[in-house]
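Chain lettering (A, B, C, D and E) follows the sequence in which the chains are written, and residue indices restart at 1 in each chain.
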Amino acid sequence: MTELGFLKKENLVEFLKELATKSVVYVPVADDDVVAFKLFQENSTICLDRPANIPPKTVIFPQYETLLTFTFSKKEEQPDKIDVKIQEKMDFKDTVIFAARPCDAKGFTVYDRVYKDSDIPDPYYVGRREKTVIIGFSCPNVSPGCFCTAVGSTPSDKEGSDILMTEVSGGFVLEPVTEKGKAVIQSKFIEDGSKYLEEAQKKQEDVKNKVKNPFKKAGKPQISQEKFNDDSFWELALSKCLSCGACTFLCPTCYCFNITDENKIWEAERLRSWDACMFPHFTLEASGHNPRPTKFHRFKNRVGHKFLYYPEKYNGVLACCGCGRCIRYCPVSVDISKVVDELSDTNSENKTLTSNGGEA
Amino acid sequence: MKNPYLPELATITKIIEETPNIKSFQVVFNDHEKMKTFKFEPGQVGQLSVFGVGESTFVINSPPTRMEYLQFSVMKVGEVTTALHELHEGDQIGVRAPLGNWFPYEEMKGKNILFIGGGIGLAPLRTLILFMLDNRKDYEDITIIYGARTPPDLCYKDDLKEWESRPDVNLILTVDNEYPGWDKRTGFVPTVLNEVAPKPDNTIAITCGPPIMIKFVLQNLVKLNFKDDQIITTLEKRMKCGIGICGRCNIGSKYVCKDGPVFSLAQLKDLPPDL
Amino acid sequence: MSVDKLKDAVKQILNEVDIVIGYTEGFDKVHATPLFINTQDKVDQLIWDQRCVHNLASYLPSLKRKKVGVIVKGCDSRTIVQYIQEGLINRENVKIIGLPCSGVISLKKLLKAVDFANIDDITFEDNGNVNVKTEKETKTLSLMDIAPDKCKTCQYPTPLIYDILIGDPIKSDKPKESVYEDIIEFDKKSLEEKLAYWQKVFDRCIRCYACRNACPMCVCQDSCIAESREPHWISQRATLTEKFMFHLIHTVHLAGRCVECGECERACPMGIPVNTLKRKINLEMKELFDYVPGVNPDDKPPMYTFNVDELKIKEHKIG
Amino acid sequence: MSGLENKEMKIVGFLCNWCSYGGADTAGVSRFKQPTDLRIIRVPCSGRVNPLFVVKALLNGADGVLVSGCHPRDCHYSDGNFYARRRLEMLKRLLPFLGIDHRRFHYTWVSASEGARWQQVVKDFTEVIHKLGPLNLTREA
Amino acid sequence: MRVGVFICHCGNNIAGTVDVKAVAEAIRKIPGVAYATTYMYTCSEPGQDEIKQAIKDHNLNRIVVAACSPRMHELTFRKTVEKAGLNRYYFEMANIREHISWIGEDKEANTKKAIDVVKMAVAKVMQDRPLYSSSFRINKRVLVIGGGVAGMQAALDCADGGLEVVLVEKSPSIGGMMSRLDKTFPTIDCSICILGPKMVDVAQHDKIKLYAYSEIDEIKGYVGNYQIKIRKKATYVDWTKCTGCGACMEKCPSRNAYDYFNFGVAPTKAINIPFPQAIPKKAKIDPNYCRHFTKGKCGVCAKICPTKAINYEMQDEIVTEEVGAIIVATGYSLLDLEKLPEYGGGRYPDVISGIQYERLLNASGPTAGHILRPSDHIEPKTIVFVSCAGSRDKSIGIPYCSNFCCMYIAKQAILTKDHIPDSQSYVFYMDIRSPGKGYDEFTRRAQEDYGVKYIRGRVSRIYPKGKKMVVKGVDTLLGSQVEIEADLVVLGTAVLSNPDAAHLAEKLHISYDTFGFYVESHPKLRPVETNTSGVFLAGACQGPKDIPASVGQGSAAASKVLALFSKDMLESDPAVAKVDINKCIGCLKCVRTCPFQAIKDKELRDGRIVADVIETVCAGCGVCTSTCPCGAIQLQHFTDNQLLAEVNALCLA
């Protein structure tokens, strides 16, 4: 699918306005120097030159949502019997995520395996995912802490995007990746972009070469079981960890959640909200027992999940796309890439990484 | 697409006070059709909803061979279980079931079965015991070692009475300490297991109880020469989604809610030691 | 001050304590990161310069049962003083290495100053100049332009409490009145403006609790009521109401205890000025009880004590 | 409706059991008429009133919150209201910084015998809240 | 959850201005409310039976009664639900009478408000948890603080009832103010003649252990189990040896010691026995005047003492006593004359206080019962009494009446006439307060039979004129200025609390009012109880009162203690703070703020430090709960979730 499109820079807002007539459009907006995906408005201060503080996972996997509502009612003659009506809250709109960085777009593929393509799909996720078009945006530069190339990706990875957009002089080259993406560029503002292909590719290559690989050895990091299960390693590597949830909440692939009920006498709601494996409450049992009682246990699970358990289940694919947010925004600069590197098995040969982060 | 988070409405038809802090709830789906077609395997669990309070996971401890109702036993420890204890017969709850895996009862056919339970840990064993009793001919000797802190803390007192009277069940009861009116064994379950010293030949041992009990039972079974694949236990973790997504009940790559709760000791040994 | 003196001191102390907490190089040139030193061979990883922004004293309560050495700046030392006031650490288990400090950098301000470009190198001069090299340019900035606000009005450049002081004490040259100027200025806005401001910034909150976990005085940590159901102060809804509630819980719990280290604000990945509300309360605590948190180990935190006759609290008229 | 012209406002009162709740009882026994907006929550002592209750009420839809305890020195628990005074004063001073009119929160002392004083407090406070109108702090509620 | 709600009509008291049927109907709709009804008088016996029946019939497990104030009937209904088999804390009351029907006229608004208030009570009751008391053993000994007439009476009644009593008196002798009085009104009984035998009874009672010249240093513990540290102040005389012969006093060369017993009417010796009937009758050295202490030489008493009881090296001694209840009978003090500058403020020797005059009248006083004015020891002929000297005067912060001055002034005027038949007494008064039995007749007798001239009005100034004192005032009845040239002026000075009353109150955790008088639990119905269980009040420490009232309170307090001790075990109130040790982070802020020191730190097996509530000491104020940042310590029955349920029921729904 290489019918390249081109969008003139000066037509960007008009193009988005057009999109917004059909869909809900989220764009990266800078406010007080904080970039986050917000509903597009004509006066939005769209920020493309640096990745958003928080990935657009918020659009498909919102910070909280109502899964179900329970409505209580009684018959007058039988006040002691409460009838419950359960309603599913599924009202998903056509949505566009504009200018998701490739790592952020790719994050959704990590979700997909769990939420969409599993034997028990999650209808809330699937509902939003299927109605969402993701316009990826090739990174114009690298950011502190990025290491996408080390986990099998590139700053112009198409996986997860429906269209990949690359900035060239005067505008953006739009490369459709999926049928959904193709449909989006059927717009009067989109011209033929084939002549910009070379420039786009060069730019992509340039940026790719700037990404640093934090791992000592090339290829897919192989974690040594022995080191992984050595508690003293974690204790020393993670002493500085504050056990907050910044790393997980900002991670495009972290998908853990909590389910809680809230009651309001006549009705109640079942909520799903983000949760983090770094929080002690996450695994705390009613008895007071906690299978992951310290931050070391919790971080170990986080690293384990991303680099061992998830790959074990999904054909070796890592649950990390190297966006670097967890490193960049960690209040104490805990560096997961460094931890993984230290855990690497120095004796065995690394396997080659495939582009989806899996093994060859 | 089926919504896996959507509970089925059910009515509590009977509440049995098992012990001072454990109640058993017998529930039937409001949808009679659903009740008729409902299928599950012994050892599978369900999520019970108290609307507005939350969900909690319990094993279905009635056997699939007796489908007049589903029974769940609830020990009062946290918010949801406390709310469940406040419910009355006739009240509505939500049920998401069946979830998780089950006891490999097919593979146990023709074998001696040793059940070792403590406290409310008898619940998952009960479903299998009743299932096997309903298919008695498929299994050889059935031995049940069950203990609780005190006699009033023993669950399923009617069942115990019945099993005790059956010639084809060897029931060994114990309580931690001497207790007025108690003339059976005293001592902790792992110790009693050593006293009874069952033979591992052609035997599968299934154990469930408080973590500390399980720990010593497993040790003692190994000492009694049971092999890792002859020992089965069920695990309990904090669960929310029940479908292997939400991320809290995993041990390594295994999700207790989906891949469990039933594990053989051999399987457990392959997992990271994060119990 | 040469970092060698610091290393010598740490080597000395390491004989008496289980662990010494200092700073080392972070993942890039502009980041330092906390370093936990348990063996002599790690001492050489120590660094000390304007990138050492973290309040290392925050780790002390969680290490209460160990013997710990800790490197503190003037502002960080207030944390220790407050811990002593509140009985949260055993003073005899802590060895404090004090470092007089004339300001650190604010990563957020630095990035903004270079237009969010990737920084390849950074060097600091004694005269307060900071040389920054990015892909595009090399720039010289003044430290005070890219320092956190707390440095600009710093009253305690020299630690208030220490066992070893490395380097010469520095006297504050910042006027006392300047400390709360921004607060007083903000308070002059109309109620509507103020409310709109807080609505805007709190709306960004993702409840990652970085502010809470980075806060040295948030000692509840694993027991924080933001996540508990018993008591159930707050739901998991990510609504503005609940975000407000969370930040007010943090604020009220910090009333008269906040040592203004600014870690909450620094930790926030969403750029919320989390410290401002606490500083407003501190301003009131000063006015009401002449109390400044983290200055005198013998003080009593004002919310945990009282005077039968409160000289400054007048009975309010309705309306 | 509320004895005041317009619609009722949501006003929550936290009253200590020993003095102010008794004072409100005394006002009742004396048939001292009051506007009807106030809803009273009984607490053992004003010292029990965590300032966060006030915050919670205001965030969740209350238009005004009133806390009343024993007069200083008369606390049933000897010191409870001394703590209350400091903590509630702190909150009172914080509210305007957040953009919330401080008049929406009032704390005072009313003894069990001061029925007339209680009546006046309720009248005055209700009037102030009516003047200020409804509070909507977070747009969505 | 099956909540039953009962809305009371209270005759027409509630139903008159609240549509109770509409309330019941609205409440019945709430999920979880299985039953809601109205009843004419819910508190009546049939009303309570109705609740019990409904609990049975409808299988209810929580009850809400919407009626009057819980301060009125909460206990009544708690007992009702308990009788029906529910835990007594599965009960809430919604106050729809005092807080609604009696204060609002608009029935619609009242009804709406009532629905809200009942809804809040329902929300709360749904969060309620069953609570159970635990019981503990009582130490059946009682501490009486203060050996005045009230304390003595309390001690004697307790001891006669079989209790061991520890009586602590701060001055060297028991007897208190009454032992200083000459006669008592209205019977003109000799005060010491009726008090003396009681004092002897106290001294000789084998159940009473007397600590004279001692003070309370520290009080720890709770009802049933107090540990008291008593400071026995140094007397410098070994009382086990002193026989009270008085030889030392006679020979003591230091003659100018302040006489506390006689309120300084005349000086006494540095070593003295305060008065002839003193109990214990032991000598004591005042080191402020004793030459051995002030000049470092002397030692006359040590030489003269036949039993070698003098010990200049004596130090204060601390002894510990354990008791189960405390009766506080610390009495009162009197306004210093210096606080009344317009009356000479203590500058003129012939302006004296009533209690000083009492000592002049007394046969065992410094003048042996002859009324001689202090300045020149001449018998006065014109005597002016000024009542309300300080009392009922807001300007000096004493707005209250001192209760018995009117009466003793009448008595002193009568006695003056008896002593000096040719004298003339005048009494300036604001009102004559004589409501006791035989009191009014007595004041009339003073006027009618003894010719005492009563002038209604305030004295504005007293100043000397030659050997006379001019008393200048107004006669408000005549509306004219009055000036009397008096030989002696007696001021009925205001009664104050003891200067260290607040200090002791803090040790006892009892409340005191602005004036330092201790606050009783209820002014009408619990006059000798305090809000701290196990601590009782008797006499003037609670407020000015005369002898019969004080004695009555002494007996009343004793009967309270005897009733309390009639059981071997006490039940603790379960509505106390409770710590969730899984949540507690051991910051111990609760320990700092608990007004009762009811929280201690405790080390768990894993070494963690957590807070631990001493249930019997906790009074249930909840300061800890609002202090605890992580919600780990919760005041039972007023937990965060319970109060939040009420807030949410009102605000959210």
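Please note the rule applied: a residue touches a chain if its C-beta (ideal position, glycine included) is under 8 Å from a C-beta of that chain, and two chains touch if they have at least 3 such contacts.
Everything numeric in this text was worked out from a predicted model, so none of it was measured.
Each step here moves to a touching chain, and the least such steps from chain C to chain D number 1. The innermost chain, defined by the distance from its C-alpha mean to the mean of all protein C-alpha atoms, is D.
A count of C-beta contacts for the chain pairs A-E and A-C puts A-C on top. Computed centre separation for the pair chain B/chain D is 52 angstrom, with centres defined by C-alpha atoms.
The mean-CA centres of chain D and chain E are about 31 angstrom from one another, to the nearest whole unit.
Chain A and chain B have Cα centroids separated by 38 Å.
Contact with two or more other chains is made by residues 79 of chain B. Looking at chain D, one finds that residues 50, 56, 60, 73, 79, 83, 87 touch two or more other chains.
Among the residues of chain E, those in touch with two or more other chains are 2, 593, 627, 640, 644, 648, 652.
Every residue of chain E that touches chain A in the complex is listed here, in rising order: 2, 28-36, 58, 119, 123, 582, 648-649, 652-653.
Residues of chain A that touch chain B in their complex: 67-68, 70, 72, 80-84, 86, 88, 114-115, 118, 120-124, 126, 228-229, 255-264, 268, 270, 272, 275, 277, 282-287, 289, 291-292, 297, 301, 304-305, 308-310, 312-313.
Of all residues in chain E, only 1-2, 59, 61 touch chain B in the complex they form. Note for the complex: chain B touches chain E at residues 86-88.
On chain B, the positions that touch chain A within their shared complex are 1-7, 9, 49-55, 77-81, 90-92, 94, 211, 236-238, 240-241, 243-253, 272-275.
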